[in-house]
Amino acid sequence: MSGNDINRRDFLKFMGLGGVGAATLSGCDMPTTVTLEEGKEKVVSYLAPEEYVIPGIGVWYASTCQQCPSSCGIHGRVREGRVLKVEGNPESSVNGGGLCQMAHAGLQSHYNPDRLRKPLIRKGGTLTEVSWKEAWAVVEEKLAASDSAKTGWMTGTVSGHQAVLLDALQEANGSNKHYVYEAINNSVGESVNKAMLGEATPRYRFDKAQSILSFGADFLGTWVSPVHFSKEYAEFRTGDRGVLMVVEPKMTLTGANADFWVPAKPGTEGVLALGIANVLLTKHQADAKLLPASVRKLISEYNVAKVTEVTGVGGDSVVKITNHLKNHAPSIVMSGASAHEHENGYFNATAAMVLNILLGNVGKTIESSGAMPDVKLASKTGSSSAAMRLAADADKGALETLFITGANPVFTVPSYVGLVDKLAKVPFKVSLTSFMDETAALSDVILPLLSSYEDWGTTAAAYQPTEKVIGIQQPLMQPLYAETKGFGDVLLDLLKIQGAEQYGAYTDYYSYLQNALYSLPASVKQGLSDADFWHDSLKKGLIKVGDAKGSLSVKTIDLTAPSFEDNADFPMVLAPSARQGLWDGRLANIPWLQEAPDQITKIFWDSWAELHPSTAKKFGVKEGDVIQVESDQGSIEAQVYIYKGVHPDVVAVPMGQGHENYGRYATNLGVNPLKILSPGTDKVTGEIAAHATRVRISKTGKSSDLARLGGSETQVGRKLVSTVSADVFRRTEGGGNVA
Amino acid sequence: MFASIYLTSRQHPRGRSFMGRGFAVLFAMVFSMVSLLGAANVHAEVPNAIPPIGTHNGEDVPQPIEFPHDIHADVNEINCMYCHTYARRSKVAGIPPTSKCMGCHSVVATDKPRIQKLTEYWENKQSPDWNKVHDVPDFVHFTHEKHLKRFVFENEGMDVDNVSEVCAFCHGDVKKMTVANKTKPLTMGFCVRCHEANDGPSDCWKCHK
Amino acid sequence: MSLKNVLENWSDYRKTHEDGGHHDYEHMWGMVVDLNKCTGCNACAVSCYSENNLATVGKEKMGKGQGMHWLRMERYWDEPNVGGDEKEFHERGASFLPMMCQQCNAATCEVVCPVAATYHTPDGLNAQVYNRCIGSRYCSNNCPYRLRYFNFYSYYEDAWPEPLNQQLNPDLSVRDKGVMEKCTFCVQRIRTAKDTARREGREVRDGDAVSACAQSCPTKAITFGDLLDENAEVTKLWKFHQVELGKTKQDKANKELRGYRVLEGLNVDPCIMYLDRVREV
Amino acid sequence: MQTKDINENIAWAKINTDVLRSMENPRMGYWIAVVACLLMVSCAVMAEIYQYQVGMGPGNLNWPHMWDLYIATFVFWIGMSHSGTLLSAILHIIGADWRKPIYRFAEAMTTFSLMTAGLFPIIHLGRVWNMYWVLPYVSDRGIWPNFRSPLIWDAFAITTYLTSSALFLFIGMIPDLAICRDNARGWRQKLYTVLSMGWQGDDRQWRNFRKIYLLMACFLIPLAVSVHSIVSADFAMSIMPGWHITSFPPYFVAGALYSGCAAIITLFIILRYFFRFDEYMTIPILEKTCKLTFAIAMVWSYLTLIEFASVWYGHDPVAKEALVSRFVGPYSPFFWLMLFCGIIVPFALAVERFRRHLPTMFVVSILLNLGMWLERWMIVTPTLATSYYPFAFDVMWPSMVQWAIVFGSFGWFGLLFLIFVKVFPCVSMYEVKEMVFHRRQHNSPEIAKQFHRRASDRQAGDEQPSTGGA
């Protein structure tokens, strides 16, 4: 690809729909319109194309997906200047050719009819469209007036050179208020890993592991880097097939693929882990010396009987899990959202890690994943506590200006936090976003950003175990709307306002980025000339920056016995489960993802409440009935879906729906469970305890058919999906005799 | 109608032998029909090819610049594929990029009004919006590349300089036009008959998408 | 299908049900879906939507069963040949089954179409010519897998508001009301692959043509290829699992091998082989 | 109590006047009926226009319910058409002369129900404007319909049947048209002059007439049987459980005759009541028709049970499932109603008291037809609801659009029939005369003798028992 910007832009010249790229009606309609009239369609010719650009032939360009924080490499098929399809970038160590549904739907984020086409500023209470110039003038004026030290940034996960610029900007502002917020995060896990192993995101060796025990870590769906783990999972399952055990209140995509799925009372996962440890020590002569005496003592308290009493998991299940772990060594024990998001979330995560230590997985199946050579480029992973901090700061007037991008806290932060009122205390709020959403609606200026397919950028995935790379995000087509700007460009402009002179030289983010890559160390450039290196990187879509491998060692282990109390008037627990598809709700405005049924329930375009048959029986509800789920913070209504994949004491309502202001496809659809979360944070990390809310359910009397795909939930005796035992599989395809 | 359909491919010069006396009347009828359909101008220059039969009189399509095909292709004998360069590499022949026009016309005939108009476009860094003349429905998959392969590049004894004759199969005698207009029906029947005559593929999905 | 065609290939039409379809094909595109690897994540389905101009029809119509999901990710809760349905929980998770047109060699849909809008191509594909279809919907009635979807409305009117329509794939048409449609094994990709191969003056190699679902599968559970190509991955898998075309019941030397074809006993001779789901039991 | 099929002393002139009277100055009731029918039709037309504009969606058709009421009603009307052929052709050949007063309207029924049935395959097409593609016409594209598809066979079968039955109806009417011509004035006279094709009722004409009539009859019988067998092929040729059943052709034919006879009874009663045809459409004839219907009903019931049995003992689990789902599934109420109407109700026909009681018979015949319509629906829909593929199980209830069109089809049929009875004699005058004549000679030997002599020698000027003219 040529570095010549003029040519490149022109190559991206968009060809009108009437042109050779027409995909209009297949004449399959009223006879009259089948007849063609000459000269009715326009065909747009190029001004000065590059040699290999041929109309009618699609070309694939590499870029990086921005749909969720795990930043997979993608290839975009470009034809007549339009990007038509994305596929995985085989070169990428993150996803290696595969992609999740959310990544594919990036196309519909890009072409979304509800994208903001012009900036909006608040005039007399209402947001009105203005030109970029005007909007920017407002920003400049306000910034000049305000105390730059009181400038805050709330972002989603950021990394790469955007992160570098953002840091530089905050530095120039003399402010340290950068809130990296992700509603779906692994923040508790990270802090536990950091404390116990000294590394936030160690590498999980699925390929080595023979068994995996997951406490609510939905690594196939929403945990850390789903596509990567799916790839690894495939290896894990082939050859001498590993065993997957999942403990979680509600069946996630990972749970649906488990060999043994068992729900524990929400929040008691840690206890179950200790129980397993107990059995390991007593029955399987695990090496006790690996654990300090205090921990051993605590473990010894949790014999199977007690564990069963606390967690509600049958003793036989505990033993079964333990046996699997023992017989299929080495193993991995993971923990995720449904275990973390409790007041004792930290304890749960620690207990899980204790199991790893006891099973001797650390250093064997859990390795160091090294670190980015250039720490400034490394990914800033989000947490929900960030939102709490923001709320606090806003409340006590520590913020005069707030920039919000890549996050929609007003939608995802529980209402008890009262974020809306607290944000109202921030005098000047700027949203950098492509869509009008609940948060943007509150801000004073909305600057529409380029879509991720139009913008330049670099990303460093938070979890890239095998090799450290910088993912290149390059435009796959010309911007659709003139009055939009790239995130990097905005940052640069802001820096210029702050008079950070070293950035004055750059006309735009593109030139900055080019320069930044030129100035990478020679080792990274593999002796290529600047231009060649640049083209090579764009072609590959990623830059291998080498790897500083470290090694893991067990640091501290501190476990304190948790306590659980029941709540008589709120007998049940709400599980606001993340679903791969709508993510935390940011993808709810994509028709493909709305229409793609939820993997577990097969429900589309709606929210629902999952109940266990026994619970449903108790409350006398049947599938399709509308129930009210009530917490001390309010209540929501949803239709019931009944199946045996949820704990009897749990009602699971997926996140992502219930938008009030997020475009035509998302607005007024379903309910948002996060709204009724009751106060509570993890004792150690201060993460929101989203899975700990106690609720009661009641019938509303309303009822209608579920919007669900598929008639029968069973195979009615046909041999559609036939299941064989793993032993047979190992006999036929294990031990290397594969096709 | 029936006769004309099922004999046109046979009553081609090379297939004349079997025309017995019994066919005389029929043949006369067919031939008259066919010549009505405009099969009179059979392009002898293209070997191993039976040109498609049928005419269409398309209305004149207004273009931003009244491009004279005759001057370029006929007078100056510029090969069609010099400008419509994508034809041999892609399904679409493509309209030449403005840069290509300027390649010559920055020096050639710069005084002509049409050229000045072109230069204007070039200087405003935009390309003219041409109107489509030859169009097939969107459920049809037609590729120039394959047809050129069959009739020109992989065609025994075919002289590439005569490519315009092959183009003329479907685009009519553009050489003689200024602004091109549609002189061939480009209907399914038109395609099918030619495919039958030249043993082109008969599989629906070859051309339908 | 011209009359000539019918008369000349009549024996073929008759043969289909005996030997595994026509083996004088240029290609025989086939597929393998490994249910051991498939996680049911639905990526294939959405990929299919974006590749094939599938319209989104909205909640109400989707609920009415008027959706356009060429590739549907099915989920069942029971495990017929393992049992354990009486347990308190779905201990072994769910059974996922990605279902796309099986491209049967003895396709039941082809015989009943009054206007031959659906027929078998020399590539062993079960073709659907949209603009020939008159919408008698007999084919869908006669498809045992129910894999054919009908345009009950002019979906294109609402499905792609400007500028969503700019994403539409020009390589295949957008269907209007009254037309039957179904998975085509991404025929436009196959076509491109063949054109490229021809341009480079070579045969189509394994991996040249990959269906959208196969390409985007994160676990690579789907393998797509030419069953007539001896070295194709897909052919090797069929061989390994001792599954053959043109049989209503596979007689395997090794009974434990996982390969099977859904509703094979109906003698429709599908071109997609599924590999058993595996669980610890 | 009337025992004779017809009173043989009835004067031939009276026959003419009675029948011709029925064709004249329509009364209020007639116009009301016409308006009612028009309203029904307009419902259907509106529904169809809507469907044409919007697509098949509004009918609630969905995946997997690609077919529904349209096809069911199509089969129903086709079935209805078989009665005419039965009465006019089959009974003609086996020489049951009691058919004579009633076969005319039965035959009209045949033609009109075919004209109604023919609409449905068109209505149910997703792209109606391309329906002509099913016909093997010559186009420069050189493409043809798929001759392996039962739908194509339908197209051929129905068009053939329609033409021939219409022809049969017309030919059978020629002598009567002559009578009309002789008695009519104004446009009617012109019309009948053309239609009666110069019928003089002379010997040659009569001979040719008999020949061709017999010929047509012989031609129609196998045709009628084949038509409904082919219609049954739409289902039997598919692989769907509950459709793919070997016994379908005879089953459908029986069903067809069944519903046809039921319809005849209905119309019989209506015509007899409104046109005061008591002397021609007599109770004994009604009784005979009822007996015939009863016999057919029994055959049909037997075939129904056979179908169940063969599926049940066939041990094809899926087919069994489909069968069971008919009995207990979501559609079971209609299925049971169908069984009741189709198998239980006909036993009313076995009771003489009922047979002779017109109101009862009227209700019964309606019930029978309801049953037969339900039967068709219960063949089409439950199979689609639960077939091979569990994931595609679905229950669908047709929407107003479908109902409106089905409803309207009855109006359309009624309209055609109403026009018919006012333009053409709905009782065959000359055949009734024949019938009366035969009865007379049967009773009085001398007439018979005289007739035989007359028949044996042919001298010009001999007075022939003229049936034409008069």
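A, B, C and D label the chains in the order they appear, each numbered from 1.
Rule of thumb we're sticking to: a contact is a pair of C-beta atoms (placed from the backbone, for glycine too) under 8 Å apart; a residue touches a chain by one contact, two chains touch by 3 or more.
Please read all numbers here as calculations on a predicted model, not as lab measurements.
Asker: I'd like the most central chain, judged by C-alpha centroids against the all-protein C-alpha centroid.
Answerer: C
Asker: Check B-C against B-D and say which one is joined by more contacting C-beta pairs.
Answerer: Most contacts of the two pairs: B-C.
Asker: For subunit B and subunit C, what's the span in angstrom between their mean Cα positions?
Answerer: 38
Asker: Please compute the C-alpha centroid of subunit A, do the same for subunit B, then give the distance between them in whole Å.
Answerer: Here subunit A and subunit B have centroids separated by 54 Å.
Asker: Distance from the CA centroid of subunit A to that of subunit D, rounded to the nearest Å?
Answerer: Chain centres of subunit A and subunit D, defined by C-alpha means, are spaced 67 Å apart.
Asker: Multi-chain contacts only, two chains or more: what residues does subunit C have there?
Answerer: 1-2, 67, 72, 74, 76, 119, 130-133, 151, 154, 171-174, 177-179, 263
Asker: Using the touch rule from the top of the page, what residues of subunit A touch 2 or more other chains?
Answerer: 20, 22-28, 710, 712, 714-715, 717-718, 720, in rising order.
Asker: Among the residues of subunit B, which ones contact at least 2 other chains?
Answerer: Each of 89, 137-139 in subunit B touches at least two other chains.
Asker: Given the complex with subunit D, which residues does subunit A contribute to the contact?
Answerer: 28, 30-31, 710-712, 714-718, 720
Asker: Applying the document's contact rule, which stretches of subunit B touch subunit C when the two form their complex?
Answerer: Residue positions touching the partner: 89, 137-139, 141, 143, 145-146, 149, 202-205, 208-209.
Asker: List the residues on subunit A that touch subunit B in their complex, please.
Answerer: Answer in residue numbers: 16, 18, 20, 22-28, 34, 36, 38-49, 54-57.
Asker: In their complex, what parts of subunit C are in touch with subunit A?
Answerer: For this pair, the touching residues of subunit C are 35-37, 39-43, 45-47, 49-51, 53, 56-59, 62-63, 67, 69, 72-82, 87-97, 130-131, 133, 151, 154, 156, 159, 161-179, 192, 212, 215-221, 236-237, 239-241, 254, 256-258, 260, 262-263, 274, 276-281.
Asker: Which part of subunit A faces subunit C closely enough to touch in the complex?
Answerer: Residue list for subunit A touching subunit C: 17, 20-29, 58, 79-80, 82-88, 95, 97-101, 103-105, 107-108, 110-113, 220-221, 226-227, 230-231, 233-234, 237-238, 241, 243, 246, 251, 253, 255-263, 324, 480, 580-581, 591-597, 599-600, 602, 604-606, 614, 643-645, 669, 705, 707-710, 712-715, 717-726, 728-729, 731-733, 738-739.
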